[in-house]
Amino acid sequence: MSALGDIPIHVEPSAEKSVGREFGVGLGAILSELATLLEALRSTGEEGAIDLRSLPLGPNDLDRLRRLLGSGEVDIRIDANGESRIRETAVSGLWWTEHRNAAGEPLAVLIEVARVPNILLTADDDLARGAVRLRTVASAQFSAPGETPHGTT
Amino acid sequence: MARPDTELTIGELLDRNGVSRRSFIKYCTAMASLLALPPLAARAMAAQLRAARRPSVIYLSFQECTGCLESLTRSFAPTVENLIFNVISLDYDDTLMAAAGAQAEQARAQAMEANYGKYLLVVDGAVPTADGGVYHCAAGRSGLDILSECAKGAAAIVAVGTCASFGGLPFADPNPTGARAISSLVPGKPVVNVSGCPPIPEVIAGTLLQYVTTGRVPDLDEHLRPTVFYGNSIHDRCYRRPFYDRGEFAKTFDDEGARNGWCLYELGCKGPTTYNACATLKWNNAVSFPIQSGHPCLGCAEPDFWDRGSFYSPIPTARWGKAGEVSPAQAGTLAGVAALAGAAIGAGSVVLARKRINRNKRTKSHDSEKGNEE
Amino acid sequence: MDLVDFARGPALKVAFVVFFIGVLWRLVNVILLRHGRMLSEPRRSVGAALLGGIKGMGSRSWPHPEFIKRTVTGEALGYSYHIGLFIVILFFAPHVIFFGSLVGMRWSTLPNSIITIFSVITLTLFVAVLSRRVGHPVLRHLSNFDDYFSWFVVALVLITGLMATAHVGGPYQTILGLHILSFDLLLLWYPFGKLMHAFYIFPTRAIDGYLMTRKGAPS
């Protein structure tokens, strides 16, 4: 066997220097796709999104993309069976969206292209249900005796 | 609210369980990502899924190691509890169910009767057919018998894992138990193969989910695998592909190339001939996959992957040896023997030709002498 | 056993054996055949003639100045596609692994982009030489089945190889299997058709050069 000193020692280059450069294959394509989606949103109002988990990205590509897009003014936290974070990027109209499950593990990572992310909008069903609920509470607790309640369950 | 669970739509069930619309949309976004659908398809999918009813699922295990089920239980999206409580009605699975023995078998019989022609049969493991199928018995019956009984009333069959899909390890040479793939044993039934050893958890769950969402068998490739997950080779979606294209290869597991994350083709990577979603969905909730961890792809999602020689011999190697690839010595010996044989034939044919020429000459000169005499 | 395993397994073995038997058979055959006796008085020494033989291998591989105008197209085409073939065969990474696994060593490879460029150029030249053969009245008259089949066998390997790298025509395994099978076919046909020129070309040029020098003619 060779002496300990004979074993070559390899110094890992920093991630930024080697890995980031070598693996940054699809980032340019993602950026131009995002630009196309932004233009479409402006001209036709059509929303878009890029699913970042279905792309063959290297280990550091997500971080690089995140740094490239920067951060904007809005930071939204949704608590729906696990946390979701929707952060505006420095590019208006691009929302960096991460959905996590109840255990905090990531479910989906995408960049949404929209004026307001769709998941924030309240659905009609929920509006109706909310109105019904309020009327029920109002009639049960605050209505004057003799008055007919407006809502029913 | 007295209706049984199976009659409720998934939407009704979710409302009853207090699952909010946003958490459902979130879940569908994850699903759409998993099924490689355009991200906005999540909205349409949410609508479809809310209107669908949970199908009854019967899960059978034959010659298998339970690795496939272990894999499924590690699915992050959908999680296995989400899947079995909200999306499907898992009525029989001898590993996961609380019931055992006669009660378990009774549960299976009941589910099959109540949902005849509509239930989904999920199978992992190959089925031994040699000697009347005695190599797999459960509840006093052979695997072959159980499979054909359960397959009869199934709307579709999902073969989970390489053993169920292609025979896998039990099917490998010399296959002493006569193991066979599920698709070869259930004629006329739609079969979906979800291969892999084990398959990616999200791929198993996603295939089931896709069936529930659309109510039909997905688009399949020539090996009956869903093209959403098995449409691309590992190689085509590999983040190390640029190294392959540039001709930068790791030659050993500890050389400069290996440390720099170069292509593992020369170390036997089967990525180019293996179709699976490892390079995009990855494993352990998208943490990594074998190639990212520095090991070549074994090709576990392809038929006969056990019988294709060493996992570490590259794809383009000659393979006429019994155990796989041919060593240079073997190739050289064969070439030498063939060359000697060729040389002998060549020399022999020359000797024969000369003899013939000499004989012809002799007869000719003999004839001409005769002619002179006359 | 799928197509790839058949092509690189039993089919390759048979083709490999037939190739070596065939090549040696034909080489020994030609060497041992009776050669015409040299009837003229030797003008130069055996040593000079041997040198002439070596020179002959070079001089006969280059267009003769007097005919250069007439032959240059064919020669340029021929040289170009041969160089292209050699580069693609010897420096494409999977090929290096394949041949390397048989001879027990590996050598450096060229990037795929360069290989692709060379194979496309080579295929184009291949089509050009075929159309020239068919279009040229004299060449057409001189051509037989052997010429066309030898062309076809090599072109098939080239086309299936390009298809495999470009992912057209079917699943990668199938095309790869067809590529290796067409190489097996090439090995089988090699010793019995005009592809055998690879083994004959330099010895025959050397012998011609030797004889010419011995007779006092320029080699």
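Note that the chains take the letters A, B and C in the order they are written out, and that residue 1 is the start of every chain.
Convention: contacts are C-beta pairs under 8 Å (C-beta built on N, C-alpha and C of every residue); 3 or more make two chains touch, one makes a residue touch a chain.
Treat the numbers as computed from the prediction; the structure is a model and nothing was measured.
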| item | value |
| --- | --- |
| Chain contact topology (line, ring, star, complete or other) | line |
| Furthest chain, CA centroid comparison against chain C | A |
| Between chain B and chain C, centroid-to-centroid distance (C-alpha), Å | 41 |
| Averaged-CA centre spacing for the pair chain C and chain A, given as whole angstrom | 60 |
| Where chain A and chain B are represented by their mean Cα positions, the distance between them in whole Å | 33 |
| Junction residues of chain A - those touching two or more other chains | none |
| Touch list for chain A against partner chain B, complex | 10, 12, 18-19, 22-23, 25, 47-51, 53-59, 61, 78, 80-82, 84, 99, 101, 105-108, 110, 112, 118-119, 123, 125-126 |
| Parts of chain B lying in touch with chain A, wherever the complex brings them together | 19-23, 25-27, 29-30, 32-33, 36, 38-40, 43, 76-77, 79, 237-239, 241-243, 256, 259-261, 279-281, 285-286, 292 |
| Of chain B, residues touching chain C in the complex | 221-222, 233, 236, 244-247, 249, 251, 265-266, 272-273, 303-304, 308, 313-320, 325-329, 331, 334-335, 338-343, 345-347, 349-350, 353-354 |
| Partner chain B, residues of chain C touching it in the complex | 1-2, 4-5, 8-10, 12-13, 16-29, 32-34, 93-95, 97-98, 101-104, 106, 108-113, 167, 171-173, 176 |
